[in-house]
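Take a look at the structures listed below.
Each of the two complexes below includes chain A, the first together with chain B, the second together with chain C.
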Partner chain A sequence: MASKAQKRPLALQIVLFVTLVVWMIAAAFPFFWTLWGSFKVEADFFSLNNWTNALTGRMTEIETGDTFTTQGYYGAWVQEEFWRAAWNSTLVCLFVVSISLTFGTLGGYALARSTYRYAFWFLLIALIFRAMPPITLVSGYLPVFFDWNIWGYLPTAIIVLVAINQPFTLWMLHSFFKNIPQDLDESAMVDGCTRFQAFRYVIIPVMWPGVITTGLFSFLLAYNDFAVTAMILDKQNQTMVPKIASFLGTTQTKGNVMFAVAAVVSTTAPLFLLIMFFQRQIVSGLTAGAVKG
Partner chain B sequence: MAEIQLRNVNKRWGSFVGVDNFNLTIADKEFLVLLGPSGCGKTTTMRMIAGLEDITEGEIAIDGKVINNLDPKDRDVAMVFQSYALYPNMNVYENIRFPLRVRGVDASTHDERVRRASRMVELDDFLHRKPAELSGGQRQRVALARAIVREPNVFLMDEPLSNLDAKLRVSTRAQIKNLSHELAVTTIYVTHDQIEAMTLADRVVVMQKGIVQQVGSPTEIYDKPANAFVASFIGNPAMNLIDGEMRGGVFETQRTRVEGLRAPDGKVTLGFRAEDASIAEDGNGQITAPIYTLELLGDATMVSVRIGQALVAVKADKSFRAEIDDTVSISVPADICHVFDTDTGKRLSA
Partner chain C sequence: MKHNAFFWFVLPSATAMMLFIFFPIVSVVIQSFHVAHEQVIIEVENCGPFGCTTATAIDQEATAALREEQPLGRFAGLEIYKDRNHLAVNEFAQTWQQSEGIGDFVVRLMNLPFYKALGFTLTYVAVVTPLTILFGFIIAVAVNSAARSLRGPLIFFTLLPNIVTPLIGGLILFWMVDARGVIGTALRYLADDPSLSVKADTGLMWIMLMVYGVWSSAPFAFIVYYAGLQTVSTDTLEAARIDGASRWQQIRHVVIPHLLPLTTFIALIQLMDNFRVFEPIISFNAQAHATSLSWAIYNDLSGETQQLSSAAATSVLTVIGVAILLSPVLVRTYRSYGKA
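Our next item is the complex of A and B:
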């Protein structure tokens, strides 16, 4: 039994509960609406005469004989080969995350332990670079990529994404490393480690929450990127987000909106799983930098 | 065997001098304490020996071999950090074993050595715990065990007791003293606590502002401080220091007159210890002044008077009682007095 002092008045409890429910519905509604609608036909989900068609699936039943259909998914994944985009996204994310983390941990550690003034300026310049919208950089490297004949390939996109992401990972990991007392490295070095062994055996194990958090943000940057991937990758090598955009069609070609809806659900679902899986690390990682332990 | 030699060792950061021209030979198996207030360069000196800080100028040699350019791991030293620096992801056993593991010591001997080290610091029951689950005193002992497990040539201890509470500090101090006797390894111990220095050291180095003030046994430093700084730093309470004039062997200032001193004329600082002086019951003491404060210590009563800016303390009998502002006469015979030059602080009396 909770003591009386801890109990909130009933009215306050109701208000809190209602607010929470309303907020949850408001936040989750778009996702559920999209999920629900992805199993309907376009005439239902984008119905002009009656919006409740999206709920009841009247036209879906007329067109396919059932209130739910997987036409959108079939069209996107099989007909339009969305699996290729998914695979490309996987490759891009994998390499962007691993490359950013490799350079980020090594560089962040070096900067955190550096006694020189330039470390600060280096980080400041990195921050300015990070603040620029990625699209402004495109005009700079696009002609070069055409020149060198490397436009359109995944590695090119990976390099650009790493370059855009690296200042952030450096900053983030740098501040995590700063919070690890220098005594730990020094103790390890007196105990018999080289600088790298101290980093590998002592610092990195302590750093896991920071590495995971930073890795996750790097992943999201690569996964969600549109500006760079849409500009650099040719149709064969498109990742998921530009592929979704291409489903919507252009002024010249007719797209299929339901393919796009199905693709959106397919793209969002892994993110939910990922966040749920890593939520504890993310929270501890985010707060670890905030308060001194 | 490990004799450590420091030859003209200097540490400078830009124009700031951290350690100024440090010269010392530390004998094998000696327990040396570096003592001084914070920022005096004692920790920097130790870190230079450990290899964690570059040496700006000069040489450090262990057993005649110059180690200036060796990495910390190649110097065969072990260090106990003020913060203990335990590895939070490893349990106590793995923490103690870590030096053996990274140095590639024969794995079949690990278990025995870890258990022997942990037994010496009475940690046998905690081997499976993580550092976060230990008390401050236990963490401190893990750090000690990690240092002794490898049987290094030199022990370095950087204020190992300063994070412990007063009671634990006394018992751990005794443990360190016993341990160093048992292991007989050259030890350098940094502290700002003069009691630790007095109790542990074979020899004490008193430092201030990067400069060595005095090197000597605890008794020498206590009985014959080389200057006013050392006098004011050693002892509890610190030595009483009164500024005044010396003329013909007589020291004089307000409310104070001490005769029969052997020191040149001029402005001097007179020093004496609270426990050497006494209350003159007959009223014929060298200092006569109203009581500023009276502190009951249990085994004694500390009586303080004010002479100019200085607070002068005298240890009186534990039954001594008086009121604040009562006039008291203090006996300060010449043979308990130390005379220092007021300007340079240097010792003038023999």
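Our next item is the complex of A and C:
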């Protein structure tokens, strides 16, 4: 498709190529380096004498008899019970995503179909809520949660994350439902459906692409959250990210930072798969706000 | 849609936001005007065989009763806002009088916790936002020029730094720039200074935090620009070419005007996100060199004794900051949707 006039001069080609290579190294290399290093001992991963030790695993061989070791993973998952955090994260993500989407589709649909002024104000207020850093809300939660004795439990964290997620979910689904032709549910209502039946039988079957995209971002918010979950979950119920942060406090003194490295790699792996399988949806979600203008 | 149906449809969502966003805001504002009760001190006279002595003791009962009666604490007005850990009105005035010149004033101001946090937060926002946009644009142009079959994997790796948990992304970089890590070693070699350590140097720490910021947000700018580049009208480009526009003129007069609205969008989202910078400071263990407003709230709440009122006051100040930054977005949304 490139015509002669469009053909780039050689110098420009080279500049673009170098940019790409440099950026790819910057973006991907840290992850592969950490993945590789997570199978070494600390003396290799942090080597003052010779940085190539991290590649060859010289100290790892001396200490364990092999150039690869799963000590870090064993320490994190078994000794420090990271599996518990992983299970908590699974529960939190599962419930946050399903509840957010249920609330969000109902609300987003109504906001997309209402022509009254208050729907606009509702969205504007949601936008204000979306802009507030979640951590500013935490000092409002704590006294009440302590008082009612619900601090530290997973359901509390789930409902808080759902609420924090709502503004974003509503905006995204609202703009998505706007793109579904209004005639679709209106003709169902002419045929005698109630509003809810029209939603149930006509809109739900066609809404899945948008719901999946929104769900991915709800998942990421719940999975990546540190500020809120670190403050409102107790040690037993910690999810993965606060757990990793707590490793830093306890294990750095013990000289076992490799637990944290292994936990970091374990937490990144699902995200890696997520981007791999849902790249198209993530791209469309990230650009959704912009394309609309 | 009828009022009635609308009400039932938005009810779950509205309830969740009401209970866990709106009420907490109200509660934070109220809390920021109150301080915890001091313990009630009573004087007790102990009379023994050698005469009487008076001692002070804590009246546990009265303290508990007082706390029960007014659970919010003592009303303090703007006291917390004015104290040393927040706006530090007195210290501010003092510093202003004592310091010689504006530079000295700023340096001294950075010793006050709130201004230290505000200083870093604003610098971070001001540096990271434009760099993110610039790098995002460059990467988008570069990826757009690559062969079609390569673009999928290129986008995959580009997205990684943005999608990965901020705390984790920060840690991964931090371990590499550690004096014993691979980038740390390279830096020492390049600077030819065997004692160079990012952890020990405030300037380097600020730079590293901002490098992290650009690294993790550039992919967002990239993806928006990349999507924008796909929709540049080829007709307009061709017309420009026929009229004799050079490559640069095509970019300057066709591509950039097309991408401009996207730039405002990215800038607004980035301003919002960068203002809440928090996780990298935890990852980099940087609190000695750099703090942010979000970090200050976290620090108040996670200490041995939770300083709720202090955290609440910082929260209110942070929200005011966000509101100032956000006002253009609100006006824009109001204009574009309000007409309908």
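Just so we're on the same page, the second predicted complex is superposed on the first by the 249 of 293 C-alpha atoms of A that agree within 3 Å, B and C clash if a C-alpha of one lies under 4 Å from a C-alpha of the other, contacts with A are read in each partner's own complex, and residues count from 1 in each chain.
Just so we're on the same page, a residue touches a chain if its C-beta (ideal position, glycine included) is under 8 Å from a C-beta of that chain, and two chains touch if they have at least 3 such contacts.
Everything numeric in this text was worked out from a predicted model, so none of it was measured.
**Student:** Putting chain B and chain C onto chain A via the overlay, clash or fit?
**Tutor:** They fit side by side.
**Student:** Go through the superposed model and pick first if A:Leu94 touches only chain B, second if only chain C, both, or neither.
**Tutor:** Neither partner.
**Student:** Pick one for A:Asn224: touches chain B only (first), chain C only (second), both, or neither.
**Tutor:** A:Asn224 contacts chain C only, not chain B.
**Student:** Between the C-alpha centres of chain B and chain C, what angle is subtended at chain A's, in steps of 10°?
**Tutor:** 100
**Student:** Of chain B and chain C, which one contacts the greater number of residues in chain A?
**Tutor:** Greater contact footprint in residues on chain A: C.
**Student:** State whether A:Met24 touches chain B only (first), chain C only (second), both chains, or neither.
**Tutor:** After superposing on A, A:Met24 lies in contact with chain C but is clear of chain B.
**Student:** Return first, second, both or neither, reflecting whether A:Ala163 touches chain B, chain C, both chains, or no partner chain.
**Tutor:** second
**Student:** With the two complexes superposed on chain A, say which partner A:Ala269 touches: chain B (first), chain C (second), both, or neither.
**Tutor:** neither
**Student:** For the superposed model, what is the least distance in angstrom between any CA atom of chain B and any CA atom of chain C?
**Tutor:** 9
**Student:** Could you pull out which chain A residues touch chain B in their complex?
**Tutor:** Result: residues 181, 183-184, 186-194, 197, 201-202, 205-206 of chain A touch chain B.
**Student:** Using the touch rule from the top, collect the residues of chain B that touch chain A in their complex.
**Tutor:** Those in contact with chain A are residues 50-52, 71-73, 77-79, 81-83, 85, 87-89, 98-99, 102-103, 146, 150, 156.
**Student:** Across the complex, what residues on chain C touch chain A?
**Tutor:** For chain C paired with chain A, touching residues are 1-3, 5-6, 8-10, 12-14, 16-17, 19-28, 31, 71, 138-139, 141-143, 145-146, 152, 154-161, 163-168, 171-173, 175-176, 178-182, 185-186, 215, 219-220, 223-224, 227-228, 231, 241, 247, 261-262, 265-266, 269, 272, 275-276, 278-279, 282, 285, 294, 297-298, 300-302, 306, 308, 311-312, 315-316, 318-319, 322, 326, 329-330, 333-334, 336-338, 340.
**Student:** Quick check: in the complex, which residue numbers of chain A touch chain C?
**Tutor:** 5, 8, 12-13, 16, 19-20, 23-24, 26-28, 30-31, 33-34, 37, 45-48, 51, 54, 102-104, 106-107, 109-111, 113-116, 119-120, 122-124, 126-129, 131-133, 135-144, 147, 159-160, 162-164, 166-167, 170, 195-196, 199, 220, 223-224, 226-227, 230-231, 241, 244-245, 248, 257, 260-261, 264, 267-268, 271-272, 274-276, 279, 282-283, 286-287, 289-291, 293
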